[in-house]
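In the two complexes below, chain A is the common chain; its partner is chain B in one and chain C in the other.
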Partner chain A sequence: MEKKIGFYVCSGCGIGEALDVNALLDLANSEFQVPLCRSHECLCQTEGVDLIKSDIEKEGVNTVVIAACSPRVMYDVFDFGLDKVVERINLREQVVWSHPAGDEDTQMLAEDQVRMGLTKVKEIEPPDPFQAEEMSKDILVVGGGLAGMTAAREAARAGYGVVLVEKEPELGGYLRTVYKLPPENPPYETPEENPLEKLVKEIREDNRIKIYTSGRVTSIAGGPCLFDVKISQNGTEIAERVGAIVLATGVIPYDASKLENLGYGKYADVVTMVQVEEMFKAGDVKRPSNGAPVSSVAFILCAGSRDPEHLPYCSSSCCVEALKQASYFKEINPDVTVYIFYKDIRAVGNYELFYKKLQKDGLFFVRGNVTSVDDDGSGGLIISAEDFLTQAPITSESVDLVVLATGMVPTTAFGEPYRQPQAGQEGEVEIPADAILVSNILNLQYRQGPEIPALKYGFPDSHFICFPYESRRTGIYPAGSVRAPMDYARAVDDAVGAALKAIQCVELTSKGMAVHPRAGDMSYPQFFMQRCTQCKRCTEECPFGAINEDEKANPLPNPTRCRRCGVCMGACPERIISFKNYSVGMIGNMIKAINVPDEYEEKPRILVLACENDAYPALDMAGLRRLQYNAWVRIIPLRCLGSMNIVWIADALSKGIDGIILLGCRHGDDYQCHFIKGSELANIRMSKIKETLDRLALESDRVRVEEVSIADYYKLPQILDGFAERLAELGPNPYKGF
Partner chain B sequence: MTETTNRSILVVGGGISGLSAAIEAAEAGCQVYLVEKEAYLGGRVARMNKYFPKLCPPNCGLEINFRRIKNNPRVRFFTMAEVVKVSGSPGDFDVTIRVSPRYINEKCTACGKCEEAATSTFPNPFNYGIDLVKSVYLPADFCFPLRYVLNPTIIGTEEAEKIKAACPYNAVDLSMTPKEFDLKVSAIVWATGWRPYYAEKILYYGFGKNPDVITNVMMERYASPDGPTRGQIVRPSDGKPVEKVAFIQCAGSRDENHLPYCSGICCLASLKQATYVLDQNPEARVFIYYIDIRALGRYEDFFVKVQSDPRVTLIKGKAGEIQRLSSGKSVVQAEDQINGIITKEEFDLVVLATGMVPSTVDGELPVAVARDSNGFLLDSDGTGIIAAGCVKQPVDVATSVQDATAAALRALQFTVRR
Partner chain C sequence: MEPKYVSREMRDYIIEMGAETITWCMQCGLCTALCPWRLVPGETSEKFNIRRMLRLGQMGMEGFEDETVLFACSTCGMCVKNCPRGVKIIDNVRAMRASIVGGGGVPANLRPILGSAHANGNPWAGPREKRTVWQEGLDVPRFSPDTEYFLFVCCHSCYDPRSTKIAKSIVKLLKASGISFGVIGEEESCCGESMRKLGDEELFQKLAQSNIELFNKKGVKKIITTSPHCYWVFTEEYPTLGGEWEVIHYTQLLVKLLEEGKLKFSKEISKRKIAYHDPCYLGRHSDIYDEPRNLLASIPGVELIELDRCRDLSLCCAGGGGRIWAEVPMGERFGELRIVDAAEKNAQMLTTACPYCMNMLTDACKSLNKQESLEITELSEVLAEALE
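After this line comes the complex of A and B, so read on.
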């Protein structure tokens, strides 16, 4: 695109009082030969916007550079259409609101921010969205249980074609064993009818849903809108192209035979909750040992759950399931004696009312750790426990039946750990690999492994509180109990939500747009393959597994899997990966545009690379609260710290910049990086840089990484000024002036 | 795709549920109107310090959601707005929206000149009245949209005129009046959220009389860096740091005299708030009085972590009474379930884990949707009115988002001709 730049400086909100605005206009005109340079006392008001619009119409301006407030505000006012390049230079929050007015250093800061902004627009091209032939908008649902069938039905109801694959000959999954569901309707006291038959009928009658029972997904290649799925059914292989995937393969109950002290397998009358459902469903309730009626029953909750030896997590639904089953027994025989051994009764929300009702029905609740289940010598079973608080021993009366409330294990938690192909070159810093188990569910043809990475305990959950559907594989949304332990009602909602995410994915992807968190972004990474050295770093570091490899280790990007974070761009030592509007060269040139005074002027320069989602808004907030910090800083927002390429550090240091500070999100167990590994990867790269700096006898303290959350703005002055003080101790960058 | 009729939906409530429903539906292709009664989006979560179990700031996720809205022309939102009338049928609703006067128009740049001119102050609603705000104020640092609000009670005063004169951009409009307009939509997501249970109704805890008895939502504001004390957890009575803090679980919840249901989130909220106290003062001690600790799923890990801290004492038993001593300490009385003896412990600060009450608990609703006896909205298949989040059941943030995402699809289905 032939660029015609218009440069506009706003003098409102204190900018005009704090800065020499004319000097900024002169700078744009003389240093950057910008033909149209104007200032306005309040650019965001109608008159100011009309000024810009008139230049667009009459002067043919197609690249609008606005030096005013933060790009986080007035975004709607300064929207001139997708065909225009708009760049916002933050003079308000990050310059005049955080630095003294009328000060030489504040002016120099503003001038450098203008230089960087004008340099940036030179490098920006409007993105052209990725398009491919035969993009599909159909949704594949893997698993035909409650969650899977719900996802299929709801996606179809919204008008989308669905391919549903269930490994068993019949639909229904665990629901097929279930007698009733816990209460969902007021007064929340009576279990609900099993919805299985109705649901199966609805699914079968909807001609938008293709059902493959006795089917298995043997292979999935491609990416969103281009997934090529192979399904094996009764010995034949079927190919389907789909746009997005809902993973709803559910859980299996924890293996009760591992709970030796609870007598499972030893005594016939020790059963699991699954067996109790089957008994009631079949209408055949009796003691397995002798067929006699059950006059007393004990439930042992957390049988395997909340136990570091077995399942450390809480399986969420077992308390209510046990209450429900207790109600089954009470229903057929109000005189039955029911004991419930528990740690905590976790009947949240309205389940509390069901719990209250059963307390009134005369259940015996015993809070204790069950230590053993033993034969009483006359055919009954005795439960021994320790009181939870006093550790005093408790022994129950003899009971006819013991029911173990075994927890749930996600179907994704089985299989051997996947071993990545040979890692990159020797001597490189180890990139922590994702935990992927070969569980034979999706069989993704991804270089990074055949299934979705699990975070903890085998659940392919995202760990994002705000965005619970984000998995680490674009366009694949886990739903129901496979994602996290949950009860039926939640699994239904979860499946509906996952179906929406799948629909969203195909709608955005088919228009060449990114999905969350950069939804709508039409840029995507392009590879200049002639210079690729097959180092594999891009394929290894992409947090979403978007890049495959050919047999010669050339990267094979899948643009529809890409989340546009730029981690690959940061990883590439040859700088061959770039976006139309975001590239190594662009940021490098912005750094080079900074005016670095020589050492005798005692004006150090600090490059701040800030995560645009958290650190950058925090810097804005510091401005809003008029917090003051040194004017040596030059701030560049990054899509993610993971897109930081170490060549920028070299660029900055060789330019004479005294220090570089990276502001990014927390990493580790409770990571906050919305691209999962970005800040962690930046940290790894920086530790490498520090080694190099030490070797070059250039103090490694000149580069620093700080964890800054969006709420940490009150700490920013301390962080930035503390760094400036350290740099003062080190003295000027020896490369200054070279 | 099937041919569509009216592709618009309405989302009522701009908290985490409504916000999520709106943006999720818009990214799936719907035209969305979002209506929020406060002056900013974000609702209750915007007033929280951190989320459990990751202890991360809510504004991080809100920032992403706000950016999604900024970048998506399919979402139109209205703050200080409420639904006054709904008529029509599923797939074809007529909705009347009323927007209350903000007295600050879209010319506001948040430069702050008006605030400098303001002289009177009012209890700060964002901080549950713990501190004061000027008569013209930014609702919060992160408020979106970033625009001032003028307190309507100063209309007609000299102060109001001074404020108007102080604005360089003619953004103060004292003549604003309520405005109504109509929308046509296919479906409505009702996500008006919750409010804390009125703790003063639990007479024996002395909330409202004893200044050092606070609620869990107030604790969030004390602990927030943008809160009334800049994040310092102090005794409200004298502003001194706290050494010993009690958390009273089920303050109102699981109690037939108050809220019969379990509010689902308060156990985790108190465990989280215990970490606030201990992070600030490593010498502090925390006592948690509880009936059951309900930490579902992987939240169990967080429970185990907090529980294993030697500075945290968990006491199984419902706290009976809180008395204030002349020393300024508050005494919590509870029955120790181990030996049946009544225990009394002195604390600097007592935090009531008050439960959630759906915003729909009382009053008429402009939509025809069934409620249970506690005010929660019931599932209403086929009506085109879809409840989402805490108005449906008391849930945490992740579940609200999940539920809102599901509601987005249920609403979207009404925009498609079947």
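After this line comes the complex of A and C, so read on.
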């Protein structure tokens, strides 16, 4: 594209008072030969926007560079269509609001930011959205239980075709075992009827839903809108193309045979909650040992849960399930004696009222660890426990039935760990592999493994607080108890959410746009394959498994799986991966455009590579609060710290920039990186930076990595000024002036 | 440690005795945290934990029958007022006491008290015929079917020499207002409020029935009580036993008379800085907070001092729930904390509207040796002094 640049400086919001605006216009005109350079006192209002629009129409401007407020605001006002390149230079939040007005150093900072912006647009091309033949907007739902059926129903109601695969001959999953559900309606005191039949009827009657019972997904290849799914049903194989996937395969109860210490397997009258549901569903409630009626029952909660020997986590629903089953017993015999042995009663929200109701019904609630379940000598069972509330060991009366509330194990937690193909070249950076278990559910034809990576305990979740419903595989959304332990009501909510995510995915992908968190982004990475050395770094480091390999280890990108984070771009040692509006060369040139005064002027320069998702907004926030920090910094936003290519460090240091600070998200178990592994990868790469510094004979202190969340904005002055102080101790970069 | 045995039979027995809400308790412990026993040191404070006592009750487990535990609660109602589950903790305490007392397990120090109430109709070991001695020289009207109000004087103020001043002051105030009132006299019995709290359900029923029969026979329609305890039991418990009258605490009536202009406090009194102590049974139990304050404020020259713990956060004097008969070592009495509260505010007088409170606070003031700087009174005495 032949670029015709228009450069606009806004003098509103204090910019005009703090900076010499004319000097900025002169700079653009003289250093960058920008033909159209204008200023306006309020660019974001109608008159200012009309000024730009008029230049586009009358002067043929197709590249608009706006030096005004942060690109995080007014993005809708400064939208001039897909064919126009728009670049925003942040003079307000990160220059005039964070630095003294009328100051020489503030002006120099503004000028460098202008230089970087004008350098960047030279190389930006308008994105060309990815398109492919036969993109599908249908949604595959794997698992026909409560969550799966709900997701299928909701997606179909929204007008999308659904393919529902259930491994059993009947739809329903665990609901087929269940007698009733916990209360969902005021006054929240009586269990609800099982919605199974109604739900199955709705699903069966909806002609947008194709149902494969006794079905198995044997293979899924491709990516969003291009998923090619093979389903085996009664020995025949069916092929379907779908756009997105909801994984709703649920859980399996923890194996009670491991709980012999609680009498399971030892006494016939020690049963699980599943068995109790079955008894009531069948209308045949009796003691398994002798068929006598049950006049007293004890529930043991957290049986094998919140226990490092068994499941270390809480399964979230068992407390209310036990309350519900206690109410079953009370319903058929109000005089029944019921004990509930618990660690904590977790009956949140309206379930509190149900708990209260059962307290009023006179249940015995015992908080404490059960120490033994013993035969009383006449066929009854006695439970001994440490009662936390009286700080004494206690012994129950003899009961007829003991019910163990066992926890949930996700269906994704079974199978052997997947072994990655041979790793890259010797001596390369060690990248921690994702935990993927070969659970034979999705059978993804992905280079990184056949199932979704697990966050913890085999649950294929993402960071739910920051990124609800996401998994680490684009277009695949776990829902219901397979994602995290949850009860029926939450599973329904979860399924609705996942259906919505799947719909967003097919809508965006079919238009060539990225999904969360860069929703709407139309750029995608392009590989200059002639120079590829088959090092596999991109395939291994992509947090979303977007890149497959051919037999010669050439990368095979799947653009619809891509989240556009640029981690591959940061990983590539040959620098052959670029976006139309984001590349190694482009950022490198921006760094080179920084004006570095020589050491005698005592004006050090600090390059700040800031993650766009948290660190950059935090810098804006610091400006908004008028927090002040040194004007030596030059800030470049990165899509993710994981897209940082080591060559930029070398570029900056060899140019004489005194120090580089990387601001990224928290990584580790409690990560907040929007691209899961980006900030972690940046850290791993930085651990290798010492070699580069040694080669240049520079101190490793010149490069620093800091974790900054958006809430940490107030720490930024301390972080940036502290770094400047350290650089002052080290003295100027000896490469200045070379 | 030997295991404790859970007993549904025992639990159900306690519920039958009146602990209907005992299973509602979720053992959060707010009751224990708010309990005035946490504010003092000593053996009772260490042993008595209301949350744990309820726990033993709801499990039907032994351990609560220890006298120090079972009879520690002064029924101040701080826990009941704040319980997130709405557990009627005092009823549960009463039922647990009843489950022991009903079987003959009366502690030695309470035997003469309950015995006197049985024999004399009052717990103060006073002969029935001496119930009206305090009236000598006062010309107190006798209640007749034409009388509007029946004045029911608390046994404490009939027999305790210091407390009779309350009865006398109230008579003086009522006479000054000119309203129609009268007493019945020797046939009256103790209202039984504290007897029931001690767990003697049988005694309470006997006293209550005797009063109900007497009052109804005499044609009582409206009752003025001198004590908040009598007021509470007449309004909260007698109606279910057949005693239904219009019951009013004397402070409520005096405010009404003041508003109607039938009463006027025009004389300045000797002390000016007066702090008011909310009695548990008038405040938290009966929601009467403003009337005593309005009466005090109407006396010329009085500066009403609010204590930090006031109204529904008022600190108990420790006289309720039968604790008025308990022997408590110095340093462990709630009343002493109350004296400190008043002294910190530089009050010259601490007044209240309950004979038990007056009794407990007077003792506490003596034990702290503060009588010189702080005078303890009952509100009626102050008001009577302010009459022209």
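Methods note: the second predicted complex is superposed on the first by the 731 of 738 C-alpha atoms of A that agree within 3 Å, B and C clash if a C-alpha of one lies under 4 Å from a C-alpha of the other, contacts with A are read in each partner's own complex, and residues count from 1 in each chain.
Basically, a contact is a pair of C-beta atoms (placed from the backbone, for glycine too) under 8 Å apart; a residue touches a chain by one contact, two chains touch by 3 or more.
These numbers were taken from a predicted model, which means no experiment stands behind them.
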Combined model on chain A: chain C and chain B, fit or clash: clash
Chain B versus chain C as contact partner of A:S384, first or second or both or neither: second
Which superposed partner A:A347 touches (first chain B, second chain C, both, neither): first
Touching partner for A:P573 - first (chain B), second (chain C), both, neither: neither
Residues of chain A touched, compared between chain B and chain C (which is higher): B
Touched partner set for A:P717, first chain B, second chain C, both or neither: neither
Touching partner for A:N185 - first (chain B), second (chain C), both, neither: first
Partner chain(s) touched by A:P734 [first = chain B, second = chain C, both, neither]: neither
Chain B versus chain C as contact partner of A:P129, first or second or both or neither: neither
Touched partner set for A:K356, first chain B, second chain C, both or neither: both
Intersection of chain A interface sets (partners chain B, chain C): 345, 356, 367, 389-390
Chain A partner contacts - residues on chain B that touch it in the complex: 1-2, 16, 24-25, 27-29, 49, 51, 53-65, 67-68, 70-72, 107, 109-111, 141-142, 146, 168-169, 224-226, 230-231, 254, 256, 260-264, 292-301, 304, 316, 337-338, 372-373, 376, 378-379, 393-395, 397-399, 401-406, 408-410, 412-413, 416, 418
Chain A residues within the chain C interface of the complex: 337, 339, 345, 355-356, 359-367, 384, 387, 389-390, 392-397
Contact set on chain C toward chain A in their complex: 1-8, 11, 15, 23-27, 51-52, 55-56, 58-59, 61, 63, 85
Chain B partner contacts - residues on chain A that touch it in the complex: 12-14, 42, 44-45, 69, 73-76, 137, 154-155, 157-160, 184-188, 306, 312-316, 344-353, 356, 367, 388-390, 456-457, 459, 461, 463-469, 484-486, 490, 493-501, 503-504, 507-508, 515-517, 519-520, 613-614, 617, 621, 624-625, 665-666, 670, 672, 674, 709-714
